[in-house]
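The same subunit A turns up in both complexes below, where it pairs with subunit B and then with subunit C.
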Partner chain A sequence: MGSKSLSRVDRITYFLLTIVGLISASFIVFISIFIALKGVLPFLTDNLGLGSVSLFKFLTQTVWLNGPTFVSTAYGAGFLIVNTLYIAFLSLLISFPIGVLTALFIAKIAPKKIAGILRTIIELLSAIPSIVYGLVGVGFFLPIIYSLARSLGYSSSGGSGTLATVFVLALMSIPTITSISEVSIRSVDQSIEHASLALGATFTQTRFKITLLAAKSGIFSGAILAIGRSLGEATAVSLVAGNARSGPTFGLFDITSTITSTMLTGLKETQGIDYDIRFSLGIVLMVVILLTNMILNYIKKKVGNVHA
Partner chain B sequence: MRNKTRLSDILLNGFVYLATSLSVLALGLIFFYVFTEGKDLLSLDLIRGNYHSRNYVATLPQSSNDSFNLQPTEQTFAIERFGLILEQSENLAGDSVIRVVYVADDSPFSQLVLQETGNEVVSLKEGMIMMRIAYENHPTSLTSRGAAAMAADLNDPDRVVREVMFAQVGGGIRGSIITTVYLIGLTLMMALPLGVLSAIFFNEFAPRNMITKTMRTFTETLTGVPSIIFGLLGITVFVPLTIRITPASGSNLIAGAMTLAVILLPTIIRTTEEALKVVPADHRFASLALGANKTQTVFKVVLPQAIPGILTATFLGIGRIIGESAALIFVLGAAIKDSVNIYQPSTSLAVHIWAMMTDEPANVALSSTIAIIILMIVLVMNLSIKGVVSLMIKKGRA
Partner chain C sequence: MKKQLLIASVALAFVLAACGTPDNGSGFEQEKINVYTRDTSSGTRDGFMKGIGFGEASSDDSVLVSGFITNNNAAIMTAMTTDIAGIGYVSLSSVNNTIKPLKFEGVDATEANVLNNTYGLKRPFVWMRRVDGDFASDVERDLTLAFIGFMESNDGADVINDAGATAVNGTGNWADLVSSYPVCALDNSSVTLNFGGSDSITKVAEALSAAFSPRCGNVVTVNNHTGSSDGYKRSQGDEKDGINGMHIGYSSRPFTDAEKVGPETTRGQLAWDAIVAIVHKSNPVDNVTGDQLTRIYKGELATWGDVIND
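Moving on, here comes the complex of A and B:
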């Protein structure tokens, strides 16, 4: 479809549509440039006399600003990165087995009608907005975790903290993992399953040792997507995390905070360092998500090739 | 050996069933929790009402001795002299209050004058709370003495009303509903043309080269960006932009809609493109062979066939707009408003929940009621998509 074969009207249309396409493609560039520009400000300027932030301290220490007039621990990114990754992977530990096994049931075991109903349920779960998950987390999980912590002899801040965040994120991740795993499990070549059955393996053995293994590339993709969502989730997390101002937090009943939940706190400032530092955290979040995705995709390639 | 296999099979199968029931339970839990917590508040008053309560102090200009014909029930108290019916009731906090059940159309209480300004007319409406009524030379009727006593005082022909204090109860979500509707309208107005035209560009016009490929990658990358990052885009680009070209002076609804439009863009482009792809190439060739140029072919032959896809994208988009919270908290603010202006901050339904849940103490009941409304809309959107898809399949067969 070269532009030579086009009439004059078509050339105008082509030109206008190219502009529209360029606009659509430009937003990601805008995001990168503007957030980067704002995000580096705290490191370059002296922040209206507060002293400039040292990048090394920002990433590694809790006291990130040590100016002549002001010492702050509020936005040290190091512990936030640790907390965020810790929570995301713990939640995957719950959502991954549940999600994959549900997918196996829908794709291979359930009768057609039940499979259809379950698929609708999973679709609905993935359509529920995250704020509703956060609400259920606060109203339902927090009291349970609070009494659980009390009966185990731990003190907890009304139940909010690592465990509550992990539960909410796990609940949110299940539909993502299930729907993607289900597609890849369904598309496994049936002849290898038949071969396994013909060799005397039971249905269950075949499902676990042949089907799941053959679908593992797709299953892994689902897990990567779920991790990405967990790392970037903000409002639901901010409701149940407890918004700790220091860390890192590893205790399940201790209050915690993630990169996103910290970005949502203290919204009242509209300028100055407390405002700009949120963009620095935005950069940190994007880098964490990109790096995690790259590492997981690398692992997927390494382990995925055996059976492909 | 046999037994061992059977045992492990049973165990593994058990895990599968357990996992599936947990997934189903999750959905059940969410719906059950939200409905049990929120159903009590679900009413038309909630949808029509203001969020912030407001107290009025007013005077009664016309004194009436008409005898209104009223039919009170056993629990309500009629004031024939003024055409009012009162009821003893409780507010959300559990305090006892006197609620206005009925105001006659020509009741003097529908023509009250606000004492603050001295000329503004306010009317007592059904559902409002009567707080106290002061009289000339007589003791005041107070909430603490109950509705029966207040009704008896008002019916006393010797008493002349000096001052009425009443309140509009808060806790309604009209403002947030209006904001959400505005957001849906404005966002779709921007996102649909941009997304559909981009899809046409990518699918019908774009040359197959590196530049197109890069542009495509750029638009698809938006899918993986967390919504809080879009919020940052909103406050650095869209809020300053709207401040410059509109009367807005800070976070505002238009900037919120712009941000949402960017969030929806990749979904609209992908869904529309998929619909364009299934239009048979023969239709394009036939149109071109008849002498139509490419522009006519695309817009008059190809695009109409992609309408179900665009409709699906619209429904998906509405669901996303209603659920979005993180980005809007940055761009639109988290201050709950009763009067909505597109140049000012306000809250969508989802942000309304967030604002109440981060408040001390958190209002779980009202949040759950809003969550019911959100879930219902999301459910309807999902069913609509299914309807559109099944319509498409039927049409394809015919």
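Moving on, here comes the complex of A and C:
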């Protein structure tokens, strides 16, 4: 150490890493600016003589478009925001317990060999592209949900709707929650578990009341990532949601739509105002995800860090 | 902990309450019709809505029955395999035995009935080229004629059918026909042919352009589709010599008398775009009229009983 040539290498490395860091950071800035610039156009310009879109109505209306496409500018996305949050919440309700309990099993209970196999499976699951989850939704969930609804005396639209979307998103986010929770459960200090056992707690009591509680900060991070994935998923959702054009939808068997699925539907064939307005939805989506993350991180700070 | 439990149970109650009221009847006639449609940018939707006499719905979601499902071709097909109360529409080329195609005004949706002009839910894809003295060069004229020759060949018909329409021609294999177009033996990579007109024909037109270029000296093709009325305007009408002028213009409706100014040989039909209303295989309904479809998509016929007893 201390030789001049090494410090030059250090400086070059430092310089290169700074450049790489700046480049990747500037992508985020570039994307944000690009989406924002395109997305505000429908509100500011008169859209080639059609009149501008009202921002207040856009954020509060319950019908996607009143009037003919390419002619009307009465767009509304209020119900999409509600649908998107509702669906993400419901899917977390399913994926969170399953994901965390699986993580607990892999980290603490399963024999080493089985744990290894399960860990590989979870890693494989998280690498499966979303379109494949969507196809599973169409081919597997939709018929089941359709018959389920029918047996309850309800005529669903081929199974498409809130429940199908929630299942697909839950399936997609379980691997995320599991792999992150598993790491944080494994890194829980064994001495506090031993202390619990020594005080006479059973293994089950220790795992649920001590281990999980100690790992909750990491588990929460997994949930935040899972929510992010649910909010931003487009392809799989648009395959099973039914793409309702008005809302909001709360019924489990009723068709629904999210911000992303609305952005995607018809994107490849449309033009003009109907195309630009999808960038405005992009801004809404980014704001929704940003706010959700900020709130969840705030909660995480409040509830986490109980145990050292 | 208690508070969290309370929140969770309130959420659960909310979900259950929102499940909607189950319908009471058990027979098929009580089934509410689930209406499926493509989105407003779809050419199939345009053809369907105009074909059944509900043209305002081709670009306006707000005139449709509430609670309709928007999806793509494949998803509508899949939905009809499970949803016994559903109705949707697809191009004839998509129809297979997993779903039940409905007769339109009493006529089966088959390729034969489309070609013999008895099946009504369809629209023609037609083309119009520049008139003979109107090309910038002889090479451009020869290439345009060669393209039309290709479009009407068996190879062209395959391309058209693959792109989802029903080709009306099939004059022979391009390999045998190409000798009548010596221009295709030249290197045409510096020549550009411009196509345009109807945007619902874009997929077929682009497929034809892409298939033609390597078969005719790598001629450059540009497809710029803006609407049926431009098919005539930019090939023989008042925009033909402007910057948007083109060699061949397409239209997805018959040319009007006002547009038929050039010689008859400068225009023709390449295909039919037939659209079929489809339902679940167990659906007892066999036939619908344009008027019934309009009322179904408007929501005036709300249950299958309404259609059966109509």
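Here, the second predicted complex is superposed on the first by the 265 of 308 C-alpha atoms of A that agree within 3 Å, B and C clash if a C-alpha of one lies under 4 Å from a C-alpha of the other, contacts with A are read in each partner's own complex, and residues count from 1 in each chain.
Just so it is clear, a residue touches a chain if its C-beta (ideal position, glycine included) is under 8 Å from a C-beta of that chain, and two chains touch if they have at least 3 such contacts.
Given the structure is predicted, the values throughout are model-derived calculations rather than measurements.
Undergrad: Figure out whether A:Ser187 sits in contact with subunit B (first) or subunit C (second), or with both, or with neither.
TA: Touch partners of A:Ser187: none, neither subunit B nor subunit C.
Undergrad: Hey, is it subunit B or subunit C that touches more of subunit A?
TA: Touched residues of subunit A are more numerous for B.
Undergrad: Identify the partner contact of A:Lys38: answer first if only subunit B is touched, second if only subunit C is, both if each is, neither if none is.
TA: first
Undergrad: Based on the superposed arrangement, let me know which partner A:Leu90 touches: subunit B (first), subunit C (second), both, or neither?
TA: second
Undergrad: Regarding the shared-chain residue A:Ser160, is it in contact with subunit B (first), subunit C (second), both, or neither?
TA: The answer is second: A:Ser160 touches subunit C but not subunit B.
Undergrad: Check whether A:Tyr146 is in contact with subunit B, with subunit C, with both or with neither, and answer first, second, both or neither.
TA: In the superposed model, A:Tyr146 contacts subunit C only, not subunit B.
Undergrad: Tell me which partner A:Ser246 touches in the superposition: subunit B (first), subunit C (second), both or neither.
TA: second
Undergrad: Taking the superposition as given, does A:Leu101 touch the first partner, subunit B, the second, subunit C, both, or neither?
TA: Only subunit B is touched by A:Leu101; subunit C is not.
Undergrad: Just checking: does A:Val138 make contact with subunit B only, subunit C only, both, or neither of them? Give me first, second, both or neither.
TA: Once the two structures are laid over each other on A, A:Val138 reaches both partners.
Undergrad: List the residues of subunit A that touch subunit B in one complex and subunit C in the other.
TA: 138-139, 239, 270
Undergrad: Mind pulling up the subunit A residues that touch subunit B in the complex?
TA: Residues in contact with subunit B: 1-3, 6-7, 9-10, 13-14, 17-18, 20-31, 34-35, 38, 97-102, 104-106, 109-110, 118, 121-125, 127-136, 138-140, 171, 174, 178, 202-205, 207-208, 228-229, 231-235, 238-239, 260, 263-264, 267, 270, 278-279, 282, 285-286, 289, 293.
Undergrad: Can you tell me which positions in subunit C touch subunit A when the two form their complex?
TA: Listed in rising order, the residues are 11, 14-15, 18-20, 22-24, 31-32, 34, 36, 39-42, 56, 59-62, 66-71, 75, 78-80, 82-83, 85-86.
Undergrad: Using the touch rule from the top, collect the residues of subunit A that touch subunit C in their complex.
TA: Its residues touching subunit C are 63-72, 89-90, 93, 138-139, 142-143, 146, 152-160, 239, 242-246, 250-255, 265-266, 269-271, 274.
Undergrad: Which residues of subunit B touch subunit A in their complex?
TA: 5, 8-9, 12-13, 15-20, 22-24, 26-27, 29-30, 33-34, 37, 194-195, 197-198, 200-202, 204-207, 214-216, 218-219, 221-222, 224-230, 232-233, 236-237, 250, 262, 265, 269, 293-295, 298, 319, 322-326, 329-330, 334, 350, 353-354, 357-358, 362, 364, 367-368, 371, 374-375, 378-379, 381-382
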